[in-house]
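This is the structure, below, for whatever I ask next.
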Amino acid sequence: MLSRLYPHPALSMTLVLTWMLLVNEFKLGSLVFAVFLATVIPLLTAPYWPGRAAMPRPLSLISYVLIVIWDILIASLTAAKVILFYRDKDIQSAWIAVPIDLKSPEAIMILGATITLTPGTVTADVSSCGRVLLVHALHAPDTDAVRDEIKSRYEARLKRIFG
Amino acid sequence: MIWEILVTALIVIGATFGLIGSFGMVKLRDPLQRLHAPSKATTIGVGVSLVAAVIELAIIEKQQTWQELLVVMFLFATTPITALYLAKVNIHRTVDRTTLPPTGVNTGWSTLAEDPAQPPKDS
Amino acid sequence: MIEMALNYAFGCFGIGLILNLAVLVRGPNASDRLLALDTMVVNMIALLVLYSIRIHSTQTFEVTMLFAMTGFVSTVAFCKYLLRGSLIE
Amino acid sequence: MELLVASAVGMMTAAGVYLILRQRTFPVIVGLAFLSYAVNVFIFASGRLAVDLPPILSKTAPGYADPLTQALVLTAIVISFGMTAVIVMMSLGAYLESGDDRIDMTDTDDTDYPGKDA
Amino acid sequence: MSLALIAALPFLGALLPGLMIRSGRNAAAGFAAFFNFMALLGIALHTPAVLRGEVILAQFDWLPSLGLNANFRLDGLGLLFAGLILGIGLLINFYARAYLSKSDPAGQFYTYLMLFQGAMLGIVLSDNILLLLVFWEMTSLSSFLLIGYWKHLPEGRQGARMALAVTGAGGLAMIGGMLILGNIAGSYDLSVILTQKAAIQASDWYLPALILILLGAFTKSAQFPFHFWLPHAMAAPTPVSAYLHSATMVKAGLFLMARMWPVLAGTPEWFWIVATTGLVTMIMAAKIALFKNDLKALLAFSTVSHLGLITMLLGFGTKAAAMAAVFHIINHATFKAALFMTAGIVDHEAHTRDITRLGGLRTLMPITFGIASIATLSMAGLPPLNGFLSKEMMLEEASHTLWLTPWAMGALATIGALFSVAYSFRLLGHTFFGPVRDDYPHTPHDPGFGLWGAPALLTVLVVVIGLAPMTAAAWLVDAATSAVTGEPVHAHIKLWHGLEPLALWMSVFAVGGGLVLFGLHRPLLALWDRTPRPDAKRIFDGIIEPFAALSRGLTGALHDGALTRYMAIGVLAIVALGGYAFVSGAHLPGTRAMTRIDIVPASGWILLLCATIGVIVAHRNRFVALVMLGVVGLIVSVGFAYLSAPDLALTQISVEVVTIVLLLLALNFLPKATPRESSTPRRLRDGAIAGVAGLGAGGLIYALMMRDFAFPSIAGFHLANAKTGGGGTNVVNVILVDFRGYDTFGEIIVLGIAALVIFALTEAILRGGPANDRLLNWTPRASQSGDRHPVMMVVATRMIFPIFVMVGVFIFLRGHNLPGGGFVAGLIVAIALVLQYMASGFAWAAARQKLEYHAMIGFGVLIAAATGAGSWLAGRPFMTTNYTYIHLPPLEEFELATAALFDLGVFLTVLGAVLLALSSISRIATRAGEQSNAEPLDLVLGKEEAR
Amino acid sequence: MMSHWIIVPVVLPAVVGALIVLIMRHDLVLQRVFALATGLATAAIAGGLLWSASVHPAEAYFLGNWPAPFGIVLVLDRLSAMMVALTVALWLAVQLYAIGSNWDSRGRHFHALMLFQLMGLCGAFLTGDAFNLFVFFEVLLIASYGLMIHDGGRDRLRAGVQYIAYNLVGSTLFLFALASIYAVTGTLNMADLAVKVAILPEGDVALIRVAGVLLMLVFAIKGALVPLHFWLPATYSLAPGPVAALFAVMTKVGAYAIIRTCTLIFPPATPATGTLFADLLLPAALVTLTLGAIGVIGAKTLSRLVAFAVIASMGTLFIAISRFDPQSTAAALYYLVHSTLAGAALFLIADLVSDRRAHDRLTESLPPIARSGLIATLFFGAAVAIAGMPPLSGFLGKLLILDATRGALLPLIWTVVLATSLITIVGFSRAGSVLFWKAHASTGEPAETKDEPLAVAAVILLLAALAAMTVAAGPIMAYLGGTAAQLYDPAGYIAANALQGAN
């Protein structure tokens, strides 16, 4: 029953949060209305999200997000350094093919987004089978290191979260 | 006061990163390199500025306003998509395809794939 | 103090906008122009946010939010056009 | 500020007029969009300019911008949006029918009875 | 019988034949004849009174504010003409019944004929000159129809058009003249005007009025130099020629001159113009008649000549001359109608009217010959026939009229008479005398009574009037002349005045000279044929055709479909007139303090400048132009936000993105680049136009902004009453949904219609035809990448789409108090759907959730309208809003406003409209071969082994 | 108690239009029935309004119950009532024709668009608010865009693009003008504008003059005044016949708006603007008339000929309007009604002809069309009417206009009016001769037979209306005389608005 009402709990949670931020009032009434909307809107939009994302360990997502934020902060300094101080010919950009084991589209999306959000790398494409990510690195003298870091630091965690 | 210093710092940091992003876009030589500049630095810049705004308004001004966080979330959620599309445009239109690494599997990069839905016409 | 920082920030993002415009005009590739447009939107969001700090008001929030939303959609639309021609196939 | 706004109106009007004098439908549409921007700013400015005075009632507001011109601009924006949509589609239709997107019809000297075209 | 009824009878008679178009000749003729006869009877009943000197009147108000009244009068002049019109009309009716062939549409003919008769009768019965004008122009129209009756004959069509052009032109001139006359006299009623001679002739406007009225009279009566149309009108069936071109219509001009004689005649201007025109016409037409081989053409020019004679007499301005004119009108009508009918008989029997192919008919057609000879001799002015009498009177008057020299008028009139004799003899001699030939196109015989009865009757009149003028005609002449001159007149017409009068000798000379000319006809004809002379038709065509060609050229050149030029002219006109309006009025420069310029808006301005220039420079690359346009929209939007207009910023940016999406969708099928087509001068010209337009707009708004409102703005009321009266703190939204909700109601209907138009247009494109063929053979112009639906996009959209929708809900709900509202909310949801469509394809999404776009639009408009109309229940005007605050635990107190319901209508309409437009384009794309996807994702995750 | 009837001609067509879109969009028969019924109901109401306006002073309807000048008002006076009645009458005839000729089935949404068009027209005539006039101009325009391209086709679509583009420029200009007016006076209510413009400070004169001229130019575009008439020939000649016929009233919207604004807001007695508009209008009108007449003789197709006749009639109309005195205005109004009906009839007849021929070129003749006698008669009647020949109302209209002309320009005006009448007559006689007479001289396959009694009836109705206008000219002019008097004494109009505030 509940799962039919909330086919995508993460979405509904996000919507509640969104509404509370939108109305900018942390009152009970707003929360009631937020829950109402977070119920109705996903039901209305459900046809566009067929199937159901399995997420056995949703709480791990929080630690994942914190790690990513930290990485963003650190990497942006690196990227800034490259942009500001490297001469053109010193910048060693590279294409990196990153094979992945993730099967859920949601997980692939999050991995791709993480790569892009962390400065210095951009997810540029996916192989037609969805098994390999094409990553472009701004400055990567050692492409294998980048690939390994992606796989170990992000993919591994995502695999745990999405099972 | 602490908050004010924090806000000031955040604003300065955010603005600096924002400028770096825009500057990188002018400076870098290769389209894909240029893609890195704004998609990161600007996001950081704006993100940090937004956080500054939240702190300023919510904590210093006591206006109880967390709305701007929503904008940050939204920007973070969409930037990867934008970047992906821009990269795909580059791959499709400007990148020398031979420089791309092989996928290592038996299918190619999706951007370069023959369109399954668009069978070639006879004429 | 915040005011000074704000002035600095306005300057940064203002210059940023001009730089974006330079790329927008210069290109050379369509993707560069789109990148510039997208960045321009983001920089404008930043300016609006800083402006709301200056006037101590959230009255620009809706605009900021909508800029973020429409900026995203329009960039995707432009890219999709370049990639496929048709946007909503 | 007034000078900036007025010159912006002038700029956009000039650009719009130049583009509507082009010979293909597409630039003409872009020109019309420009004119629409120009006139929207024009209407807006006809309520005089105000910074930091949004027309949202509150006890602390030191004053308000003219809300009426804003409402008028909104109406104008919406209407011109509808019009633009129609002319875009109409141009597309005309192009698909004729294989040509010229806006002048000088090639069809005194046109035949419609519906019986080849 | 009321005059109005009499005037109406012919029109009633026109009705039935027209309606019973297939009822046959007899029915049509009989019906027409009945009404004709009734009208004649009506006139006859009034005759005694008129002859006693009474004026019968019938007055009805028609258009009193103009002075156009349906006033009719019957006096002597009217009686004369009404009698002619109806009497001869009746004869023509019988004649035509026999004349028309079975294949001719008789219903049409009698309708036209009776229309004409009614118009003609109206002219002579009108007591109001505007009413007279109405009938006057109607004669032109009905004669147009009658002349062109035989549609297949080019001469008929041409003659009809020429007659219409010439008499129509005269009629139009006469309108001017009559209006002047009426303005001088202070009334358009003849009864009044006829008493205003002194005022009229003293007026500065007398001469213009005179000339204009005479133009009408002269063209109608085919006076020189407007005589040329009449011969060409002879292409009409003979009954028409006889009726219109001899008996009645051409005499309308004469009637008019006679009618106006009391107030217009008697001045030197009148004399010189009218008498001279008449004289010239008389001589010239008679001379031409002599050389015409077509019987009807001969008669036509003879008619012109006689009309000239009468005109001349009227021009003399004396009572005696007027009497002669009136008398000749009667006489000419009798003999000329008879002759026309005779000519018709000859044509009917011999199948030709060409004199050179005739001759010798005297023995073949004795009855016809008898009729013709009597009528012709009267025309020649030989005693004892009526033509002689009036010709004598004419010569008498001419002989003592001073025109240049004392004798010139007499001499010239005699020459006219001489020509008249000559062509008369020729007509008779070359048609009826001489040997019987064996090469007639058809061997002629006398026709049945139906054809010769009418002319015979007229010939009887010719003789009777000639022999007993006092009994047969003087009473009529008296009555008519009295009416013309406005004083009682008594005619003393005698066949024989003794040998004293000069006129007799002039007549003798004319007859003798005429005989000589007839004798010399062959050499004269040869000479005539050799003499170059202007051909009326060629001159007319020479005027009309070049004018038509010029018009075609001018019209074509000006309206050649060059929208770019239309626009250039329009913009220039706007700028020029706006500039003129400004410099022609007083302006005080404004004194408002300029708002400070910040660094950010200044850089925004630079951005705008660059982007604008960018669009201009790069506009040929359409994609780049669109990107730049996006920048402009962005800056405008930020500008709105900066200048305290958050609602505008929201709306501008949302509209912007939807517009760009639409443009991109269309651009997919349009050429991607605009070719460089304009020359440099052209671009400079356009640039200059654009420059002045920009300066104008910018200057105007600057001047406006720097001044204060001349009066307090009504916006003050909106600010003051938004919360208390409208229940909202966002004054812009309260204006939109309340103060000016009616505007918004119109505005959403605009959007709804836009969507309907796009839908209908798409249907038309896809229906088959060139557009559809083009789409079916569509090949994408650029290469397409793979991966239509990237996995990251699809998945992200699953999250982002609901958030968009929620933002839409938020913007909708709070619009009344803070920036937002139904319109922006609708656009946001629409943009969300666009995003969804981009992520997974329109077809896929549409298949997953069926949205009835049409219903959304219709429903939205209905909700808005119902909200507006709901206030009727409370007895309030449309769109009166109401609001209340509701407390519903655990929710906080919230506002419930009818305005929100109205805003819901707005929301639905906007959403439906945008989606309908998108779906339309999607259908075009599908027709162009676009395939839809069954799965949301293109990649088949985890199944790469299967490939 | 305020009469709600005033707004019904706006709301009713809108509601039924929406209903048709909502639930009847797949059923043509239902659409026809409902559209016609709505037209009839609106006609009845328009008749009632006409009566009411003729016996009562001007009446205002305060939308949203907001007092003027702050809200939007509708104002019913003799002029607006008359325009609404004219519109509905014409609309009904056109609708009848469209149904009878099956034009409505040749594309989608014909009836909805017709209803929205009706709504837009009625709204424009009834409003007493300058900006609301703009909104309803847009409503009627966008509906007209849809109707113009009904049934599609290459040339029609291309002409449609031109029509829209040109009118979009016009709409933009409208906004420039309105904003300028507001920027000077601070108000949008037309009665309020009348009060304020009359007492405008000296320093604002130039600006209000510019605003006024821009406004007039907008109306001049609608009214097809040279040099802003260029959009008309292609649009009208390429629009579907019934649509072109309905468009006969669209040009009159421009005329109406000029009459309204120039008698209410910018009357000649107002010091700020004085005779500015009259001085600009007259020369333009004279040239319009001349160019129109030249077009009648120079047109190469029947439908273009009719289009130019419409331009010429607008020239005539504007000549009368430009005099700005009660007598001329009354004459103008009579001519306005006449030229609307006559122009519409001609377009319908042109459609009857075109529909039965392979083309409507006047340069070559084709075999006679079926029912040529009847159609020729109708053509003749309509041509007589539009050319201003008796016995139909055009002649009376021209007489009224000429009679009302006074002053030094009289010779010029008369010359132009009368000379162009002649040109028009010649043009129509040439066209009619080719179409209906010369046809009998050409050989070949006779054209297809089509029996469309309802369509023919619609034309006959229009011509009958012209005849009725002729016969009842007296009472009609009495009404119009009263209308003109009301226009030149705007106190009643202003009083109806019950203006409030510190003005």
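Here the chain labels run A, B, C, D, E and F in written order, and each chain numbers its own residues starting at 1.
Here is the rule we use: contacts are C-beta pairs under 8 Å (C-beta built on N, C-alpha and C of every residue); 3 or more make two chains touch, one makes a residue touch a chain.
Keep in mind that what you see is a predicted model, and the values were worked out from it rather than measured.
Novice: What is the minimum number of touch steps required to go from chain A to chain F?
Specialist: Each step joins two touching chains, and the minimum needed here is 2.
Novice: Need the most distant chain from chain F, centre defined as the mean of C-alpha atoms.
Specialist: Greatest centre separation from chain F goes to chain A.
Novice: Comparing A-B against B-C, which pair counts more contacting C-beta pairs?
Specialist: B-C
Novice: Which chain's mean C-alpha position is nearest the mean C-alpha position of the whole protein set?
Specialist: F
Novice: Quick one: chain C and chain E, Cα centre-to-centre, how many Å?
Specialist: The separation of the two C-alpha centroids amounts to 59 Å.
Novice: Centre to centre, by mean C-alpha position, how many angstrom separate chain D and chain E?
Specialist: Measuring from centre to centre gives 37 Å for this pair.
Novice: List the centre-to-centre spacing of chain B and chain E in whole Å, with centres computed as mean CA coordinates.
Specialist: It comes to 67 Å between the two C-alpha centres.
Novice: Find the geometric centre of each of chain A and chain D from their Cα atoms only, then give the gap between the two centres in Å, rounded to an integer.
Specialist: 40
Novice: Find every residue in chain F that makes contact with two or more other chains and list them.
Specialist: 131, 135, 138, 142, 145-146, 149, 151-154, 157, 162, 165, 169, 176, 179-180, 182-183, 188, 234, 299-300
Novice: Multi-chain contacts only, two chains or more: what residues does chain B have there?
Specialist: 23, 35, 43, 65, 67, 70, 74, 77-78, 80-81, 84-85, 88, 90-92, 105-107, 110-111, 113, 117
Novice: Can you list the residues of chain A that touch 2 or more other chains?
Specialist: Correct list: 18, 22, 24, 112-113, 123, 125-126, 128-129, 131.
Novice: If you look only at chain B, which of its residues touch chain A in the complex?
Specialist: 17, 20, 23-24, 27-30, 32-33, 35-37, 39-41, 43-44, 64-67, 69-70, 76-77, 79-81, 83-84, 87-88, 90-91, 99-111, 113
Novice: Which residues of chain E touch chain A in their complex?
Specialist: Of all residues in chain E, those touching chain A are 786-787, 790-792, 794-799, 801-803, 805-807, 809-810, 836, 840, 845, 848-849, 890-892, 936-944, 947.
Novice: Spell out the part of chain A that touches chain E in their complex, as residue ranges.
Specialist: 8, 11, 14-15, 18-19, 22-23, 27-30, 32-33, 37, 41-42, 44-45, 47-50, 103, 105-106, 108-109, 112-113, 123, 125-126, 128-131
Novice: Looking at the complex, which residues from chain B come into contact with chain E?
Specialist: Touching chain E from chain B are residues 74, 77-78, 80-81, 84-85, 88, 91-92, 105-107, 110-118, 121, 123.
Novice: Enumerate the contact residues on chain D facing chain C in the complex.
Specialist: Per the stated touch rule, the residues are 52, 54, 56.
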